[in-house]
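Please read through the structure below; I'll follow up with questions.
Here the chain labels run A, B, C and D in written order, and each chain numbers its own residues starting at 1.
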């Protein structure tokens, strides 16, 4: 078969390992031919692609980002007949199936295409770990490791200066990275979008830690807003996604804590370094398994479905499951973490 | 309650995070008092313990090894009445329950004690990931990351010299570390105890990789023996566990490969560095969750049981489940990896 | 002798290795007794100190920050007679000499005390590498490694999105960290306080890199101001040192680049993670050597002097040399780097 | 000018950064054209080379190993007229000058060629830091960081088991890596080829550390032989360089320590991972500076010379200086370290 691959949406450590896994398996087992679209759906729409012979994927499994490039282009943009656009391209290039690697937006598009009869399978990708149909997504653990390492560093300098360190990690809508990195680093309070603490409560935990002689560490997901946020609390310039471009919630919280408690406080925004790393071993293994499984899914005719991790197994599920709802941090995980605060 | 904690068997990144999680949760939620036994069961047998107030566990979550020390001591050693020894100690010190953190040997002991009426719960620990009743154990992912990083380095020097690099990783009886780190590093062949390839087959994969212009990377678990191993192949000095103290299978394989294929080959034994690292974020989170869950298990009266990971949940299972059989790499995982060889 | 040690000013990876080196050498060779002041000069002024027996320093060489704590307190603050304060304390506690570990402010104070007859020696400390009398200071290389690693990560995500990444690193007055980390990461332009490029020039380099198909990487020291900065360019809230608390120059530059060139641009401020790490091997060796040499300097009666690195040797120089002037990046180093821009 | 570049001898982190620095500077400033020889002198002898346009070196600065490959080939091998061979190649391909990057063997060859009138300049390379004419060589600090990190890990597992860990690092003839990594990791004794301790003395330090409650860490350079080594102490299979292929001195020492002191001891050989890493920021900066300086040296007609680091400056020196003698660890550095033993 001739299979097209694309990576779409925000980049994520492990994308290259998916591509490599798919190409090697397809080449070895099925004598598939692969092409890669440049910058996600843009490459399909504009017919911008490269061949992906085995030698193009050599050694890329450990490299972060994506050799194909990515974008937020979408064949249905502006009311276009996306299915027609994609079908025409596939006919012209004699492409038999598409493997779309992306987050909820990409999988939503893939599902629309599938419903219109386009043979497409999905591979879930989200640094934020917010996709419902899979236990974990590659990239998430890499982001957690990078964040944890940074939090460890912040603790060391905080300890020397007896300061409260407020660290903002990724997570617009869900707090998975904050939960895991905060728990790993022994944070004294973790602020998730799902469970809005008040500034009062946050200060309570900070004070408790300070009273025990610790330099308090506050980990806050970028999408967190305190339940008692004063007027104008988040009044910053916003970026294309409506999130504060700089200093967001951490920069807003730190001076408040300092003012209320008299504890010197500093904010740090980890930002883009969280998504830019080499994938960890964990994420490379997961991504490789998903990539090879996606090829099996194509050959098994499982169009409209995506590969996913359940326990220790790679399974496949309908695309509709993935895009149904956001996977938020459940209350049980929150309570598990909360008991360690302060 | 007054709870005793011990770490037993080989050390493992994450032990301190378990201890910390248990102590903080017990202290916070139940006003438990904790003591820690020095060097595993030895501390119970000899009454060698320290108090574990909250401040003793501060900051230890990210530190490798175990602040309690460990050993392979066993209260049933040499036919001793282990249950009686442990019970006497618990009575004297008014200890209500014991949390035993360890591998199959430790959990076997814990189960015997439990059957004799001692209130003990288990926390599974194995760098090798060979315990059947839990999806993963803490320490395993840290070992995989360290091994992967080392394999990445070996590839770079191998590439420069066009050499075949043979790397030996931990895994006496099971090949989990070899499987994951080998897959992560893009090894050209992975040798597991569970699926004994012949030297012939290994050389076939090495040659295929070399013919494609790659510097072949062979990852071999320490317990692997080729199916066609010549007489005396593993004739080395053995250590206390019956495994070759040095150079083991990697040192045996490398010259054979060089001789048969004429490709310069070098062996490396990663050894103890694999178990000595700071735990990764993943392992710290898992270990912390297991530690807090163990305290819940004690308070719920779940003696004779151990905490475990299933999917994304922490559950508890009978100790007997853990010690029933070794968790080996299943054929499905082997085939998934094998298709990428050569 | 009885020797007091203090760490003062901003914290810095390697402080603990200095302390450890001094204590072990003094203990071994001279049977010295050590005390450590809490939070720099504050501990001297307020008589807040701890004993530093050998066992207090075990294992601290690899830990970031300082076990003694630090502050910006100063015995001469507010016109106080600092020498009298310090002398009185030393008499009371029978302290024979003080080892002051710190940056230009600390060394300036040490020099004033020395001129007033107090037996004090200095150990230079600055993450920024801006002290003139030593080739390098410990902490600098650790900060460069952390920054380099972060820049590598930014490049990966930048490449995937074809974005211009603008990264702000430490360096209020000097550009050493920007120069080294930028050169190490292959930045397309590096902005130093010492050599103020115009926004025009920066955009020229960004465009050149972009035209060659690269995702441009701009590394900017926090103290850099473009030579043609428009009115209000740096109009941010300022922190205690007069530097922008958030988003500083990187956050100002990124949108300007995007606007002028139409290349999507993102800013990242590395911030406090740069000074919080475990010291690298390089910094641990340098710090240990300086610590042991400081004890020799005390016993040799070299008061009013500090230890320093010259080439591969540890030497000692008058404190006055260290505080004479800031060590800025020389033109030769700038030209060496500049040729690689664009 | 048309300039040929080669990397020769053992690989070393930073080689690619030298190549990149040279190519970009030559391209930018002088419009030089570059070719790269495959596998060192072999490429010159056999006319096996690739063009090195600017785009071939993009992004390679941070990658370990060498994109050109390396070998121990030598144009003067077996009495061949090396100068004639090289001259003929240069005439045919119109190569104006050669930049030879390598250790003492390579620089010796370069010097012979230079004496025969071939326009060649050198760039010193040695992981072992044993070249006399330069303060440090790139690759050395990377190896020290990797070794230090591994030693940190060994300490953690050693501490948990109260074991003596014996770690063997690179250094056939000189002990620089052992000295720096051992000092960084706080080793209790460091064994250098230059200062042969007796087994008696080593055991003395191990016992002293053990008596203080520490898990002793012994760092030993591969070329170390105890002054009182018993008959057959180093009787192992030797590799091509006459060094023990496995288990070398560490594997010999560990059981001796265990036998004499009754302290459980384990040996680890770090081996090839020390030279395979991504270069640290330090080494990338040094390598880049040497690469750009080598191009200046070519254009300045400095043939028969090599670039070198002196203090913080890049200078150039006669090749003869580099090959005169090995740079061993001086007594002053040994005494500095020794005081911390035990």
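By definition in this document, a residue touches a chain if its C-beta (ideal position, glycine included) is under 8 Å from a C-beta of that chain, and two chains touch if they have at least 3 such contacts.
Per UniProt, the chains are A, B, C, D = ATP-dependent 6-phosphofructokinase.
Because the structure is a prediction, the values reported are computed rather than measured.
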If we look at chain A and chain C, which chains touch each of them? none
Based on CA centres, what chain would you say lies at the far end from chain D? A
Here the gap between chain A and chain B, centre to centre from mean Cα coordinates and rounded to Å, is 29
In whole angstrom, the CA-centroid distance of chain A from chain D equals 40
How many angstrom lie between the centres of chain B and chain D, each centre taken as the mean Cα position? 34
Which residues does chain A have that touch at least 2 chains other than itself? 152
Would you mind giving me the full set of chain pairs in touch? A-B, A-C, B-D, C-D
Can you list the residues on chain A that touch chain C in the complex? 7, 10-11, 13, 15, 39, 63-66, 69-71, 146, 150, 152-162, 165, 245-247, 251, 266-273, 275-278
Would you pull the chain A residues touching chain B in the complex into a rising list? 20-21, 24-25, 28-29, 55, 58-59, 61-62, 135-136, 141, 144-145, 147-149, 152, 180-181, 183-186, 212, 214, 280-282, 284-285, 288-289, 292, 310-312, 314, 336, 339-340
